């Protein structure tokens, strides 16, 4: 499918295909000199990174589809082989796909686009932070999505990421986990206006880590983000590790508006971190974080995005 | 073969196939509360694990078959990519398959069944312990098997597991190995009675690590076993690390009996650990361990196992 | 291509193939006993190693070719899964191949031969050391090669190896790299004499790490080499880690001469290490190393090498 080499039985019941998604970043930071006695961060003047190097394998038998996608790239520093997804899907119900396994449940507008279609090189920071709470790549998921002509809804129960209990895992797990994360996500989006000159997209996403994983330092969470390029640089934004976390949730709206060749789009998310009582017994404050982005695009040549 | 997508040259001399074995565990331990001042072990109330996620690649050229099977799952905590097997086979002699490479030489009755066919979710503990001595997954093996209509015999010289000298290996090796393990295994099994109502299966397995690997703590062995489910739980049964090991062997019989829909089966193994003299010169005692299991099955519906 | 299972669209524009290169070493060092109070090095009396276990995947679309080759073997101690190459090539210009991505740019005569064609089991030590400076497997490369009937020239800009910034990378990277290596290589070779009885091969290679990677100990280099067999043995030849390195270069000629069934061949390389000023300000000496090998072969039976 989609130009991937495919072999198929003559009656069309069985099929196998193998594809390739290869995103290679190379470049550097020019003129990064620390002031006075400050230390220089890790900003390479030249380096390279296999951002994504995925070989999607797909087996289909009638309405059942199995996907296994090894990833030979790495988010920020390649070198270790991992897994982008491994799941089993049933597409036998009308306009519905049910999924179980390691999956990327799509939450927020930017996360719902394929990494091949981003307007910018990377996702906006807030989108990356939000999806990391209980969605993101290779998240253990059980759920489904249903679509009609103008709208779309998806809901998944989600657990740990692939390798969440393995300290040398591709996604950086914790070998001391005694109880894994449980959570879930839901997203609904629609296109109430869809004419020749105007398009309006509205949506809402919510997700929660009801019970974060219980690892080396108890139930913790850390929200952090690099600059929106992945060339080995330090993380510039971080909450530090928040301990004694009871649950984490995030929710927010997404809006997109097209008028002829002009495309405006924005998202806002609020993140709430509820905390358990400390051992001593004092109750701890609930923490709130928020983030947004807005983007404007004008297509000069060619067919604008729908 | 067996429903795997396969491409083949027109004269049938060359063939390539790609398959998938995906076993995903998810669940948890309910009501595990430590007594008084005891510490809670690692028993997740909910977690998931890609128990096996194997993509068998098979190249065939006339009587030669090469198998390479990456494994994206993990025995107890997934997250690292490894290898289940990589071997070269010659099937040109009648009823005989010769093998060299990383292989799972089949020892004991339960280990000889495919993991797709187990009666229970996992192998019996004694079987897992015995196969780990000088067989198991991705063991370097040179040998063969021969089968006739009613019986079967196999013998392999075996070395280290894949990655046995690599501390960050998938199977957890030791970077300080100065001399790798050498050993071997033999199994013979037959079906002296095979009638409509009665089936009798008899067999015997023996294997030995003649010279265990010489690693960080010299030649050692540790026999241990988790509960028979793989969800991140602690190991409840262990000999601790036995040092100054000269050799380890295990042997025992297997019996299976079917009468109509009733299937009885059992195995018993004795494990002997001979020890070398300590540096001081005192001779050390030989250690013995044993284990068995018995299982009874009654097939209510469908075709019983042969 | 070359006997690999291949599927191709009917018009020949699209093609996909999957191959296998499997080199398994097994054996040991016999009679290695340390003298007096010396310590025994790591010389296994018996062990095995998957030297190379590569599954080359090739996608072709018209003049564009993408290669991705996972490697399940390891140079000296297998057990971790890595990447041999992942690159994109354009072959639309006459007798020219342009390449970008992780690649093995061919430098020196012995490195230019496929590992399937070596005269000996491994490359000569000097060749392995020289290629490691700024070429070798899975090196980030941008460049091309051009060939005519009697000569060949190639030039590549090269960066870090795959995983150079990842401490748990397959090739052993450094997680503290703040600035990655930049360098390049060039090789020209030709066959001025090519008759029935005589063949003369002449060539020259040069490569440089203009700016070695800036890691945990600053910009350093270490030239070392094991015996020319890969069975877990210690490295017997090493410069130790050279610190404060400004740049490293190597260059030298290659000569091959065939007279009927007799083949002579040799290479010589000089390695120069220029060093930056120390913090204190004293200038440090430039270091020079050199190495060569010569080989003579006589083909008794069969067709000699061209």
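By written order: A, B and C. Residues from 1 in each chain.
FYI, a contact is a pair of C-beta atoms (placed from the backbone, for glycine too) under 8 Å apart; a residue touches a chain by one contact, two chains touch by 3 or more.
Just so it is clear, the model here is predicted, and its values are computed rather than measured.
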Write the angle of the rotation needed to overlay chain A on chain B, where the fit uses Cα atoms and the result is rounded to the nearest 5°.
120
Pick same or different for copies chain B and chain C, depending on whether their interface residues overlap by over half.
different
Chain B to chain C, mean C-alpha position gap in Å, rounds to 37
Using the touch definition from the top, which residues of chain B touch two or more other chains?
7, 70, 81, 168
Any idea which chain C residues touch chain A in the complex?
7, 14-16, 57, 59, 66, 68, 70, 81-83, 86, 88, 100-102, 140, 159-160, 162-166, 168-171, 173, 175-180, 182
Per the contact definition, I'd like the list of chain A residues that touch chain C in the complex.
3, 5, 7, 18, 20, 22, 24, 26, 40-50, 53, 55, 70, 72, 74, 77-81, 168, 232
